[in-house]
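Given below, in the form of structure tokens, are the structures.
Note that chain A is present in both complexes that follow, paired respectively with chain B and with chain C.
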Partner chain A sequence: MNFFTLAYKNLLRRKIRTFFTVIGIGLSAWVFITLMGFNRGYEESLNRDIEAMGFQLLLTAKGCPYEAATLMLKGGTGLRYMPQDTVKKVQNAPEIAQLTQMLMHAEFDPYKGEDGGTTVFLGIDPTTYPAMKPYFRFKQGGWFTQPQANEIVLGYEAAELEEREAGDLMLLPNTEQEFKVVGVLERTGTQDDGMIFLPLQTLQKTFHKENLITMLGIRTHQEADTAVFEEQLYQLPDVQVVSMAQVKNTIISLVASAKVIVLSIAAIAFLIAMFGVLNTVLMSVLERYQEIGILKAIGALPKQIFYLVWLETILLCLWGSLVGIIMAFAFSGVAEQLVRYFLPFAPVGNLIALSPGLILQTLGFIILTGLTGGILPALRAAFIRPLDAIRSEN
Partner chain B sequence: MSLIQANHLTKHFTRGQEIVRAVEDVSLSIEKGDSLAILGASGSGKTTLINLIGCLDNPTSGTLTINGQSVFDGTHTLAETALTKIRRAHFGYIFQKFFLIPTLTVQENILLPFLFTHAVPETMQHLHDITRWLGLEKRLNHLPAQLSGGEVQRTAIARALITRPSILIADEPTGNLDSRRTEEIGTLLARLNKEQQITMILVTHNPAFAQFANRTAEMKDGKLTF
Partner chain C sequence: MKKIIWLLVGLLATPSIWAAVGCDLNEPDRDVKRFFPTSSRYTTAYESIQKSGGEKLLAQVEHELGEAFSGLYEKIDVPYTVYTIYQKDNLLGYIHGVNQKGKYGAIQVFLVLTPQGKILDIYFQKLTSKQSKFFRSDKFRSPFTGLSYKDFAGYDISAKKLPDFPPLSALTAPPEDTTDFYSILRGIKKNLILMQHFVFGVTEENL
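After this line comes the complex of A and B, so read on.
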């Protein structure tokens, strides 16, 4: 027999109390893992979404920067337009590596769903846009045959929603014109999955937005000073510049207060776990007052009793951590849905990133918390005098 | 040279405003292989005395020598760790309440002292000898709750003997047992003293049980008389 076996058997004496303490620690561990996983997962997903945009700067018509950020990441309504000749004003700037112009158009479709709904179309320049999205893969077909063709490319989810495949025809709402689906994209895990793409010129003509665009995506050279270039772009009339860093910071600042709250909850969860462990182990020590005294009478040193009680604490924390880790993996989907419901903007990828590092970090924190909570009971046990224990009536 | 030599042992403590003179100037000498029963009424100080001799407590004054080695010299008190090391080296204890660990088997309870001394019993033969001698050989894998009162106390005796102590201290070892079990345990301890030459100090309020020792002494108001 060793100390581990003795500690294990001591904990099994009060199975129900041990069970509930382990569940308490498990819940704390679960909350901690989920919240820390969210802290990382959210930022990673946001970065991934922004990287997937394919450009670092976006020029839009002057308006609310938050609306512009939303437009970039989710597609938006209340669209503003800028003249297409804006392209000519910026395209020769030496900082620009690639540039693409886009027109976003939202059209009400009376036949969509039960009460109708808005369908969003993105007009793209077939000569420049695909180069911005090198990770696009086609499930069926390919890009448009002509810059003015009456053709459509569907994102993965859009194709599923519209129930269309390459070669099918689609009627655009309020136009009476049929368009041929020439390509369906593979899933990208970004907002592009829900997009309906048309050639820019076709969309302009179809919805009477000739010479208008909503966005200009710009990828700069690596060596370019983006900040200086942004300042130059601000000189253009009625145009606002949104950089990826800006968008990211805007969204991060929106969720910053939520992060403070979740970290506070994680800290409270740890405190609850610590007091739970303290209470359980202290109760256990007081119940075994005489027995611990006898252990000392038969040769246990104070430090050995301290170690034994601390070992019981570590075991409780290990079991609790394992329960918490299992719960975190089992319920990460539910937690993610909840987070998506409450957050103002949630990126597309996994919002809760569970990693081996995080699991080890949680184990470390929980055990540290347990050890801190276990100090008082372990000291109480270590300083029990065998004589007092033997004399004690209870 | 006596195995145990106590000179003018005194233990006073306060209870509220009152000073309790639990042990008052007790001197005694016990030879190796001797067995002494200390009789006395409840509160007479007999348990306090064997707690001093058994190094469970520091005396207020007086000296104690075990096997020629000075334990209490009348000038220093010993810390708990130092007392524990002396207890490990010389003593085995049997208490009125058996204090077995309920979740450990008989064998695990008996071997428990080795967990703390890190000493490995030379062979399991010693365990088997003791348990056979105490009639526990078929109970080794049982839990204390599955034993009779006599078997539980015999397990506690085996735990006290497993480290081969030179002195066995038994404080009211039959206090929780009926007369038949008292007889059984008394006979066992007497055999142990005779066959294994283990020095024994028994504390009891039962004169019949005291007959199992070679010598008896009586404790009254903190004073010991032979």
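After this line comes the complex of A and C, so read on.
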């Protein structure tokens, strides 16, 4: 019988205690994996959302920067407009590689739901916008045929919700005009999935927003000094410049406090696991006081006893980690829903990123924690004096 | 141990699944109270053709409807929400909605049903149509009160005209464009058929 089998059998001798210890470690591992996965997944999703915008700078009418951030990532209501000739003022700047103008319009639809609801439309320039979104793929159809056409392109989810396919008709709220769906986009996993796109000029005309835009997206040349260019743009009257970095920082600072709590909980989870293991193995050593004494009396060395008790700790941690990993995968969907419910802003995409690296990291941390927690009971067992143990009553 | 490893592999290999758009009430608490003012509670059950009978049930539903499910969004895995309403332990009725493709967009046709499956009211949660006002009026909705699955069973939705037998012959189509009118009738019939299978005891065994 080798050390491993002996340790394994020792743990199985007290099945209920072993079971609850493994569950305790599993819960700690689950909390740790989920929280660390969130820590990384949130930032990755946010970066992906921002990259998916297709531009590094956004010009909007002057207002609250949070409003601008919301506008970019969620699509806003109560929008501010800026004159379309702002484009002329900036389009010749040498820093600009690509530029696209957009009009976001939120229209109240009295027939949406019981009390009506708002539908958001995005007017885009068909000559410049597609180049900003090279990852767009059409499930059906394609872009608009004319810059003033009464045509619509739908994001995947918008098409699903409206049950529209290329060739179908749509009616915009508060208008009697018919619009033809000319394209349905494939799913992108971004906010564009829920968007209803119209040609900019058509949207301006339909909702009486002639010569007005809400946003101007700018992609700069790689070699351009974005910070200096931003300063130049700030000189424009009544215009606000929002950079992707700014938006990201704004949102990151919003959830920073949540992250501190997250990391604290992860640390507490580890401490709970460590003390749980310490308690269980120490109890087990005390219960086997005489048994360990006999082992030593028949020739077991202190280091062998130490190794045996430590091995039990490793096995407990390994089983607990596996339980935690399984739970993390099984309940990641539920955890994500909870995070989305509680956070003020959650980007589209996977909020809890579970990766092989994280799994190995967790496994390593839990075993390390267990080993640390196992030192005291293992030492206690190693230094039991055989005669004292054999003489003892219990 | 082997089982645990396979479970882990299975979980790791599970691709992200995008559920099809279903049809549930935006504000169930308010809507349930509106249609059943004496209700004290309700339960929510999620059904789908896939879950309740799969391909066999789909074929049966299509047969009863008289038309194949069409388009990209009328699929076997679409989730349906059935609200069952109670006053303490007494069953008051059901609310169930379906998405129906209309001329200008999806129409969400909710039926408020008695425990026996008779229509108490129709609620269009979402309706984009030039005749929205008409379809939401009492004048349009009230003739449907008391109708049930049996009344629609013989109605041929593909004919795009009202049957010449009562009680459906008593309905009035709008004078202008009738596209959405017949879409709504299709939605109602689809809704009643699905409720027969999800709630009123038509099971896979007795299909």
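Points to keep in mind about this one:
Everything that follows uses one rule, which is that the second predicted complex is superposed on the first by the 394 of 394 C-alpha atoms of A that agree within 3 Å, B and C clash if a C-alpha of one lies under 4 Å from a C-alpha of the other, contacts with A are read in each partner's own complex, and residues count from 1 in each chain.
One rule holds in what follows: a residue touches a chain if its C-beta (ideal position, glycine included) is under 8 Å from a C-beta of that chain, and two chains touch if they have at least 3 such contacts.
As the structure is a computational prediction, the values presented were derived from the model and not from experiment.
Superposition of the two structures on chain A leaves chain B and chain C fitting side by side, clash-free. Judged by the touch definition given at the top, the superposed model places A:304 against chain B, while chain C stays out of reach. Look at A:368: by the touch rule set out above, it reaches neither chain B nor chain C.
Applying the stated contact rule after C-alpha superposition, one finds that A:386 touches chain B and leaves chain C untouched. By the touch criterion stated above, A:330 is placed in contact with chain C alone, chain B being left untouched. Looking at the shared chain after the overlay, A:256 reaches neither chain B nor chain C. Judged by the touch definition given at the top, the superposed model places A:178 against chain C, while chain B stays out of reach. Judged by the touch definition given at the top, the superposed model places A:9 against chain B, while chain C stays out of reach. Chain centres taken from Cα atoms put the angle at chain A, between chain B and chain C, at 110 degrees to the nearest 10. The gap separating chain B from chain C at its narrowest, counted between C-alpha atoms of the superposed chains, is 20 angstrom. Comparing the two complexes, no residue of chain A contacts chain B in one case and chain C in the other. On chain A, the positions that touch chain B within their shared complex are 1-3, 6, 9-10, 12-13, 290-291, 294-302, 304, 383, 385-387, 390. Against chain A, in their complex, chain B makes its touches with residues 51, 56-57, 80-81, 84, 87-88, 93, 95, 97, 99, 101-104, 108, 111-113, 115-117, 159-160, 163, 171.
Listing the residues of chain C that touch chain A in their complex gives 4, 7-8, 11-12, 16, 18, 20-21, 26-27, 30-31, 71-74, 99-106, 125-130, 132, 136.
Those residues of chain A that touch chain C in the complex are listed here as 109, 111-114, 157, 159-165, 169-171, 173, 176, 178, 187, 322, 325-326, 329-330, 350.
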